[in-house]
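Listed below are the structures to be examined.
The same chain A turns up in both complexes below, where it pairs with chain B and then with chain C.
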Partner chain A sequence: MAKTELLPELQRSAREPGPVELVIGVTGSPEMDVLRAKAPACLQGIGAKTIVAYAGDNRMNGYGSSEDNIHFASYAMPHAAGSSAFWIEIGAAQRAVLALAGAWQARACLVIHSDLAALDPDTIRLLTEPVLSGSSDLMMPVYQTGKYDALINKSLLSPFSRALYGRRVKFPLAFDFCAGASALAKLNQSDLKSANNGEPQLLWPVNAVATSGGQIGQAAVGTRHGAQTDSMDLSAVLTELAAALFKEAEACAPFWQRVRGSQPALRYGTSMVPTEDAQPIDCRPMVESFVLGSRNLEEVWRLVLPPATMLELKRLARLDVESFRMPDALWARIVYDFALAFRMRRLSRSHLLGALTPLYLGWVASYAQEVGGATTQEANHKVEELARTYEEQKPYLVSRWRWPLRVS
Partner chain B sequence: MWNHIEQALHDSMSRVATKIATLLPGVLAFVAALLIFFILAWIFATLVRWLLMALKFDERVGRGTGSIAELSPRHTPTVLVTRLVYWCFVLVGVVIGLSAFEASSAEPGLAAYVLAYVPRIVGAAILLFVGTILARFLSRSMLVTAVNLNLHYARLLATGVKWMVLVLTAAMVLDHLAIAGAIVDLAFGILFGGIVLALALAVGLGSRDLVSRSLEREAIKSSETAHQEERLHHF
Partner chain C sequence: MATGGRIKKKPAGSPADPLWYKDAIFYELHVKAFADSNNDGIGDFNGLMGKLDYIVDLGATCIWLLPFFPSPLRDDGYDIADYTNVHPSYGTLADFQQFLNVAHERGLQVMIELVVNHTSDQHPWFQAARNAPLGSPERDFYVWSDTDQLYKDARIIFTDTEVSNWSWDPVAQAYYWHRFFSHQPDLNYDNPRVLEEVLKVLRFWLDMGVDALRLDAVPYLVERDGTNCENLGETHEAIKAMRAAIDAEYDNRMILAEANQPPANVRPYFGNADECHMAFHFPLMPRIYMALSQEDRQPITEIMAQTPEIPESCQWGLFLRNHDELTLEMVTGDERDYMYLAYSADPRMRINVGIRRRLAPLLDNNRGRIELLNSLLFSFPGTPILYYGDEIGMGDNIYLGDRNGVRTPMQWSSDRNAGFSRANPAKLYSPVIMDAIWGYEAINVEAQEADPSSLLNWMRNMIALRKLFRVFGRGTLRFLDPSNRKILAYLREYEGEQVLCVANLSRVWQPVQLDLAGLESLVPVEMLGYVEFPAIGKECYPLTLGPYDFLWLELQAARANDGPEQEE
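Now for the complex of A and B:
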């Protein structure tokens, strides 16, 4: 983990006594004009001391510039050791602002992305109020997404996290979230644990709070962060996220093996249905990628997947594009098998996760065909079904995790 | 006449028997030394493995050996150290066996000759080991990357990379062993040069139309799918 570096002014401030109600931690360097213009308007309702922390350098004003009860403070952006990966950098910045909030003994810390899309009164209210009132330890956002948005989250991050940690959170890896004092302590503790491992890791606030039995809520927010990773190579993004997810599963294995089923997260705010996209997508390129993978990566897949799954994949590769459907149970088992192979180091981790991309594209093709003519609501039902399937297949993961040689 | 022949054969047979009798203690000494060191190697390797497992060696060095694990995921640091200890003992056994052979067989210079060659054999074995692992790793990397780039000749590329590395390794091993050095250099140069020239000719002349058609197809497909991809957001 990258060490959180406090500027000298900030170190003095961190030692200053005095109650801090809320810390708003911007994970990166924002546009300062926008931050200074928007922050006071957004924080009008909060009477007590609020600190807005953002990544800056020593020439910036550090702690002390205040407007009413709002103080601006800069912190040195930590460098994720040996990593230039997008999510690792975000994770390092999130850990940094949580550490700052912990040092200031804040009642709550709202972490927001440096694009400041979440800096609007409604989002801040929805995310902070339940935490400040004590009804939730952690508030996660539910972003407005269309049926073709956030596909890695829908297919992998959210259902996997839900099945393992037993919390129905839509976006377990969000740019914005709010943690209360108890969650802060837990997150900073988990931060120390991951620091011992030596490798930079992503921050999974939901998992950390779920393992301590904390209350998690989620609020429907209107924030749209734009396509942060769309210009990146899909395989690189998928590799980074899947690696982080599987590492977290490895670290928390004693906890999630005991979890059965899942419990809903408290909902706040009203979900807004985004504009419908009724036009179907041409899935041929994705199916072709899957078939290409099936033809060429068999030697890799065979090291990871059991014979029954290989047989099903071969059957899928023979289907024509229109009838191509990947069953949810098959996809869930594939993800679990990759998590197991990741743990067992059956082959190089970069090869393993690279070999997941064609399978993921197969799932996307299947999903896109199924929801092609459906509304966003119906597509959400489909995603919910997938998450339930992950839960149903969890005994398969637990059994193979405990006795890896039994099935393969 | 026949008596002379018989006498000559008898003399040569007795010389051969004498030679074998002279060599036999040396051979026995060599085999005994080798056997003892095989047993010692096994005992020490087992001890080292137990010790490293008790010290949780794999977990302790795990964070620092990412590259080893990437190249050879099934070989844990413990296995690698254990094997190293085992083969070191075997090597020492061979050296001591040769010395014993020389001492007890009155064959001067043999041990010195063989010992002078041992470093080359060790070096060649290391080269072969590293080259084989590297070939497999690079081939698989190429295969996964090419498939993710939607290249239809992914397997061809991966196989090409694998054999290029293996051929290079074989040439280096033979060169290191000083076996037919000039021929290997020449053959390797011709082979590599030939491959590059063949590829250049294939792309430049023979497959010019094929390549241009393929590129055109890719360009058309990219523009067609660009709109589709804009509507899909993976994160």
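Now for the complex of A and C:
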């Protein structure tokens, strides 16, 4: 369980908070004025006690004072030991607020990003109501995205998680989500560190709840967090997220090996109107990166990918930009082969995941060209097709996971 | 965790699940035989520490260490002269603690030996006893008699070397009792101080963080005239006292009974889950070999039919081979004769009441047979225990005395001394195996790691596969009864997981029709390759298996028709 450091006076309070309806856990230090101004309006209608927990030592009112049954409490941001990685820190903060909610025996915990973009009445209602009413154990958001947004999620995180854990959740690694009491217990049991090497782990709420058979819902929200990783190198982001995804797969292998097909998540609220403001993308630099990768990284790829895949990649590298298309099945198998190589430690994990970047750019180039003239809705269908392909290709992963073979 | 006001001890690295041993893969090794770090020709704890990654990569989760205590080594360490120290050849107590910590860091548990039926005659307790006056507490630590006619109904175990269970001690001027070698006097459990001292030993190692203890020769703790001096009620009382001490003071530790007895006689060693957590299933091992040789499942199904239910928290320990001979004490005379004929053509292969050979030589180095027997080991109800070197198909040396032929140095590479030690070969505690078939140049870890089709890589895959399915460690067993007796088929089930295992014990192809009534519409999915087989129907399910083939089929519900997303 995440080690959560409470300020001393809160440690006393945490033991006797009385019945708590909802904990809103802010995963970081928010702008206090905004938090103070928006919270009461957002929480109207939630009758019982609500605690808003945020990271920091600049106590606002301190625990115990309240406005309309809303209490504010600060906690010390936990250190993601040995890592300064963006997602790892978010994961550590998410675990911290979930642990607090668990300690307070809250009926639900709404985890929100410290940019407070999710702190609006509609989002809070959509994410908390199904949980507080008992119809969902976990509520995940469906963020409104353009066709070129969140492509790591669309191409990797979401379809991979869906295929493995059998839940059709659009954003499995969301900044904001709401967990009910049973999901809280499950999430607080999930270990902060991987069993193998003690490295910090991200929190995958969907997987944790899916393994216990919990009910998962999702709701379309209007929240926009803005680009969180703009200043980061693409390869670093991809490496961090893919590593977390593959580590989770390793840890949960006994579960997902037996999951067949997928279940739709219960959907709440109404779908948002897709954004249609995307500008065309110049795919040439991405295709060039792919071609460069196919020349420079062939030795690495050969350690990971089977001959048939290598052959297809060679064929792709010979295509001109306009006709460059990477089939979904090929991309899904590439991801699965990287997951296998990650598990088998065929080479250094950082080198391995670094070698994924040109392949990912190849997929993005292919996708961008396919959806260039399409609406966002049509692009979403394309993303759905990819997710189905991941599911269809899952036996490829399972069979190789169970009986690994040398690839070349 | 606090119990009755006491804080239970649980060192870092201890398993979180109290039933961890049910899902474990044990790896049995001798420190002296594994890796020599200081080049004195004898393996040591520092050498073992350097090889932990190998054990982790193999997939083992618990290391079983053969005795490493100070000892005259007249019975390979089972003659202990000091219970709370490390034999200087293997390192120091600090080395052991460091090894334990490093093993725990890698997620490995450690089981050591608690050899408390007897000590070495060099143990200070025995030296004090033989010099102490009759009736004194010191003297009373062992079993003495003026006559060698007591306990006449107790069998002699080491028939090759011992003619009586009594030996005359000229110092004490009395006979002392020993169920094993004459230099291993039995402790006297009628003296309460003995149990007190044993509990001190137990606490000493558990306090260091040891996860499990193997109770050596546990049926023989107490003697009574007019009985065979095995499995007596007083023996069970002593075990209960040990278990009670563990449960009161420690979390998630385990004790394993070495009771070479028929299953019905082993059952009491589990008690009402208040004695041993685990016990070896000795009689299964020879019957697996017998079934293979006779190409008939009956020896296996018969012994399993005689195997009683055990408490929920208890577990059988299964093995194909270990550091001792393939014991034939628990088979009939005819069966023993058959086994000798089938598996020990050379009389040098026999010792006591058994066959002193390793797994691969017993199976004529036939890869199909080796894989088949391991598939049984990994899929039968119980926890599999591997003997070091068997995962690479190491051979033995029948020209070495006692059971030393199966205790030769681990074969790491084709380098000098098989990569086990840089010492002068003449200094090695035992010669490495050097012949053309079994020698270290032909069979070694380094070569097999580089060979994707090696036995080592096959074992790694099988272990990893088994670990994905808790049904193997925890599930129920039901044999099917197809008319072709060369086929062994059984169902394992645990919390909705169902696995059908089918094995061909024959050297040629075999057809079989399996009656799977009650399982209609389930889809068998071959577990190694994740290949769907035709769904089970109302008719018998036909399969054809090649020589020594085995199939593990996970029975899955037919894929449900997925609906669209639901809107609330």
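Quick notes
Here is the rule we go by: the second predicted complex is superposed on the first by the 385 of 408 C-alpha atoms of A that agree within 3 Å, B and C clash if a C-alpha of one lies under 4 Å from a C-alpha of the other, contacts with A are read in each partner's own complex, and residues count from 1 in each chain.
Rule of thumb we're sticking to: a contact is a pair of C-beta atoms (placed from the backbone, for glycine too) under 8 Å apart; a residue touches a chain by one contact, two chains touch by 3 or more.
The structure displayed is predicted, hence computed values, not measured ones.
When both complexes are overlaid on chain A, chain B and chain C end up clashing with each other.
Contact with chain C, but none with chain B, is seen for A:404 once the two complexes are overlaid on the shared chain. By the document's definition of touching, of the two partners only chain B reaches A:300; chain C does not. Chain A is touched at more residues by one of its partners, and among chain B and chain C that partner is B.
Contacts of A:19 after superposition on the shared chain: neither chain B nor chain C is touched. By the touch criterion defined above, A:280 reaches neither chain B nor chain C. Here chain C runs into chain B after the superposition, and of 422-430, 494-502 or 548-556 the stretch doing so is 422-430.
On the chain A side of its complex with chain B, the touching residues are 148-153, 197-199, 227-230, 233-235, 237-238, 241, 277, 279, 281-282, 285, 288-289, 292-293, 295-297, 300, 345-351, 354-355, 357-358, 364, 368. Chain C meets chain A in the complex at residues 107, 452, 461, 464-465, 467-470, 497, 527-531, 554, 556, 559-560, 562-568.
Across the complex, chain B meets chain A through its residues 63, 69-71, 73-74, 137, 140-141, 143-148, 150, 152, 154-155, 158, 221, 225, 228, 231-235.
Those residues of chain A that touch chain C in the shared complex are 130, 135, 168, 195-196, 217, 253-254, 257-258, 260-268, 395, 398-399, 402-406.
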